[in-house]
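Structures given as structure tokens follow.
One chain, subunit A, links the two complexes that follow: it is found with subunit B in the first and with subunit C in the second.
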Partner chain A sequence: MVILLTGLFLGGIYALIAMGLSLQYGVARIMNLASGEMLVAGAFAGFWVYTAFSVSPYVALFFVVPLAFAFNWLIYNWLLLPLVRRAKNRGQLEVDSILATFGMSFVLVGVMLMAFGGSYFSYSWLARPIELLGSNYSQNRVLAFAVAAVICGGLYLLINRTRLGLSIRAVAVDPRAAGLVAIDVKKVAALTFALGGAVAAAGGTLLSTFLTFDASIGVVFTIKALVIVIMGGVGDIRGAIVAALALGLAETLVATLLDPGLTLAAAYLLFILILLFRPQGLFGRSAL
Partner chain B sequence: MSDDQGLSCRDVVVAYGQHPALRGVSVQVAPGELVVILGANGAGKSSLLNALAGLVPSQQGEMLLGQQPLTDLPPHRIVEAGLALVPEGRGIFGDLSVEENLRLGAYSERARKQEQQNLALVYSLFPKLVERRRQIARTMSGGEQQMVAIGRAMMSAPAILMLDEPSLGLSPLLTSELFRSLRRVRDTGLGILLVEQNARQSLAIADRGYLLENGEIIGSDQAAALLADPAVQHAYLGGAAAKRAG
Partner chain C sequence: MKRWLMIKKLLPLALAGSMTFLSAAQAAEPILIGAAASKTGPMAGGAAVTYWPNVKLWEHEVNARGGLQMADGSKRPIRIIEYDDRTDPAETIRAVQRLATNDRADFILAPYSTGLALAAAPIFDRYGYPMVNVSTITDQTDTLSARYERIFFTLGKTSVLAAGVVDALVQLREAGEIGNRVALVNVADAFGIELAQAARPALQEKGFEIVFNRSYPLGTQDLTPVMRGAAAARPDAFVAFSYPPDTFALTELAQVENLDVKVFYTAVGTPFPSYKGRFGDAINGVMGVGGVNADSDAFQAYQKRHQEVTGQAPDFWASAVQYASFQVLEQAIEGVGGVDRAAVTDYIKNNTFQTVMGEWRFENQQIRSYWTVGQWQDGEFKGIASEGNLPGAVAPTIKNGWK
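Up next, the complex of A and B:
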């Protein structure tokens, strides 16, 4: 039971970075290999706010979210839009965007190494236990999960109940048809890319309250996000959430019952199983 | 003639690199008239519609909708201005339902205010869509998808509707049904610019026609006159050779 809840808490926050990548890949058609670095930047912000000002790291969210949004919007318009313009088909755009964002991740890691040094960092905040359903859980994990759930809920409402969300879904389904109904596809793609980056950074701030980070650990999260997005079916928000919870559970199971060092192996094993038996992902359509 | 909301283009030149697709084309469509552009493969028909819709750039020439110039406007602004396109391959949201497709059609500012009326209009023109409103678009037959595409375009409240070879892939029976629907659409007051290879059936419903060959307009007249013209009959209504020209 402890494993179940702990796994769900972890998975709930993984869902954030996965949603970020799902938005960027499903709508803007950019496979953003630097999304893990965005998450780490958010984590650094949480660390800095707590250690420098002794206030709740959640305060960092107030500037992490708009800054990450603006930064990703700029990245899309300066670095990625030229690739979009010259790509003759979707496959070429994917390859180009993978290469470009891969390079960008190195730049970001370098900047963070310069700013924060190469050592591991973590901080202890709200590490007191809270009793739920008969067992003790760390308050910081529970709170992070609650905030992640609120953010996911907000995203769900945005995408399914607003006009902007309608245009986002339309572009995800078919950008050409979206252009024919007077949707400004480039603007929607840029906004969604920015939103995806902001969500990933927020996830990083949340994770920093109970995980240990260093400047180069971003790639691990990018991989996990990729695993979740593929597992859940590309472009499917529900699928990403379910897959994220499954991954959180699987990792916690393995870390508790086997060895904490095997969490990444567990993620890959899950990934391979899904690809072998249901390559379109849990909720994806058959033609990927 | 610059009608209040008529479409007109003059001397439009479109080239893809070295390959000239349109060498100075001038065409007009007034509201309430159905104009057809006939041409074989490679004549430049799609290039003209795509240039008018802002999907490909034009190197020269002017394009106007009423008084509003369309040159250099991005595609979504052109739809806002009142020019809608049903492209080759239909351009519908395959994974969404019929009703979602139609409602998305009314996304623009211009169309939002009239969404309910236009929805009722589209359902009255295409009654088959009513019973299928929740069906996923890509599971429908070609003819039904064509109806969804036209309905979607009408939902954007256009003054002029352009269609790129809508009869492609349809049986002769479905094609005449489609063309009869287009006549009814014209009767609601829209102007229609229809690009086709199917000369006989399209001239039968049109008011006027243009002949496009190798990127140039080589003839234009009332539809009835074109139907009766022996040269047109030879080039477009008789020989299979005409289909391989250009």
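Up next, the complex of A and C:
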């Protein structure tokens, strides 16, 4: 039970990290290697709000989300749209966007280094125990999980229950066909990319409440998100959520019962197994 | 295939972009000093506390008094050339090579952290540069000193640091404060592994029972299972040979789990000012690696200058030693009166230096007196055990809860 809950809390955070990339890659077809940096930017915002104004870091969400949304929207329209226009096929767009966002990640790391310096950042907020079903958990982790669950749930509803969501899903399935039924593919892709960036930044703010981070830690989360997105199936946020929870559970299980040193091995074993038996990912469709 | 080829071709371009820009300040015939250490990657956080601020402070202090005194009576300022090694040994080697052959640096400061410095050691040797290491902690110091005639070590050996922890535990046990049960965890990286390997037999030899023993990979995001396992084993003492991010995480989790121990030890990161900044008074009684003589005038003056010039406080362990290593280089260059690297190396071997750490003399290319264990007492991290009987050590106390 303890393992289950701890794993769930970890998995919930992973889900949020991966969700942003899942949206960006699944719909806008941009493999955004700077996703982790967006997350770190969100973490810095949480840190700054807490240390400068001594208010709950969650307050940062109110400006982090709109700012990250606007910033990513601009990035898509200025930086990535030219790539989308000139790409002859999906493969080429992927390569181009990987290179462009890879470069962008260096720029973002550099900017954050200049602004905040390279040292470790962390603060204590709600580092108190809360008792659930007979054992202790840190309040900050539990709260982060709850907020992550709300965000994931909201996104799920948005995508499956609204008209915008319908367009998003249509673009994810086939951008060309979506265009034929009067969906403004460019606009939907830009919106989704921006939404993905906002989700990643929000995830960073949540993470900052319990994780020690520095300006260049983003790549760790990019890789984690990448693994989860591919495990879950490209372009399906259900898949990302399930894969993230599975990963969190597997890591906690191994760390508790076997050895913490084997968590990475367990994560990649799970990854390989899924790739072997379901190469398209848990919920993925076969390539079009 | 084509895709990957393209990525491979473009990678170096992207990487070059991340290099630090050189400082443009040009004075009359400055002495060029190369510095290749981490500004990004896992070691960047530690380097930003211990390494880079001291480089800045040293440059500022030397140039503020007009530069280094040369034999012909002139004074030459120093100019620092900085490179980011991205915490990648291959990149460290490349940067040092570049400093030696391309920038023609007169001297090169040793990189930050054990792995990166050891990777660069052969390059320093090949190009004939003296290498005064600080954050390079290994038990191979004797072997390396024999192999490389220009290498120097200042911060100690892993086995001695581990022995310091064991001694502190023995001392408290003899005072009747703690029992025999020890939980031992370590980060699975060169530093943590070496320390744990040294501590395990040393603890057993002194009759301690290791009731919990785990390692975890560098960058583990959730250490809850580790802390929970340790708490379940009901230890009297918790010893973690950890790196800064995990030091912070373990300390927070100990409070969440209300880990009831009489001794709580975490390694790198514990003497950082930000550690206290984060946890406040809860850390009173926490032990950590290193320490300083917090009451010495030399350290207090250094602390003040560090704060004034860099805008941040030094840590309570390697910071002052880092600065002392630069003072060694500075005094050796002035002692020789020039930038002849062979002469400077000989000077370092055969002379005594006045540093913020007190009087230093290298024995077999190593400094034999250094702090091994410190403890947060009344808001200051004080040395409680040292190799070579450094002055200013205080007695260890037990940890009384997390309030």
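Just so we're on the same page, the second predicted complex is superposed on the first by the 270 of 288 C-alpha atoms of A that agree within 3 Å, B and C clash if a C-alpha of one lies under 4 Å from a C-alpha of the other, contacts with A are read in each partner's own complex, and residues count from 1 in each chain.
The working rule: contacts are C-beta pairs under 8 Å (C-beta built on N, C-alpha and C of every residue); 3 or more make two chains touch, one makes a residue touch a chain.
Treat the numbers as computed from the prediction; the structure is a model and nothing was measured.
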item: Partners on subunit A (subunit B, subunit C) - clash or fit; value: fit
item: First, second, both or neither for A:263, with subunit B first and subunit C second; value: second
item: Touching partner for A:179 - first (subunit B), second (subunit C), both, neither; value: first
item: When both partners are placed on the shared chain, which of subunit B and subunit C touches more of subunit A; value: C
item: Which of subunit B and subunit C A:122 touches, first, second, both or neither; value: second
item: Subunit B versus subunit C as contact partner of A:170, first or second or both or neither; value: first
item: First, second, both or neither for A:251, with subunit B first and subunit C second; value: second
item: Inter-centroid angle subunit B-subunit A-subunit C after superposition on A [Cα, multiple of 10°]; value: 150
item: Lowest inter-chain C-alpha distance for subunit C and subunit B in the superposed arrangement, angstrom; value: 26
item: On subunit A, the residue positions that both subunit B and subunit C contact, one per complex; value: none
item: For the subunit B and subunit A complex, residues of the former touching the latter; value: 55, 74-77, 79-80, 84-85, 87, 91-96, 104-108, 110-111, 152-153, 155-156
item: Contacting residues of subunit C [partner subunit A, same complex]; value: 3, 6-7, 10, 14-15, 17-18, 38-41, 44-49, 52, 188, 214-217, 219-226, 228-229, 244-245, 248-249, 252-253, 255-258, 269, 272, 274, 278-280, 312
item: Touching residues on subunit A, where the partner in the complex is subunit C; value: 2-3, 6, 10, 91, 95, 98-99, 102-103, 106-107, 109-110, 113, 117-124, 127-129, 135-138, 141, 210-216, 220, 251-252, 255-256, 259-261, 263-264
item: Interfacial residue positions of subunit A with respect to subunit B in the complex; value: 163, 166-167, 170, 173-174, 176-185, 285
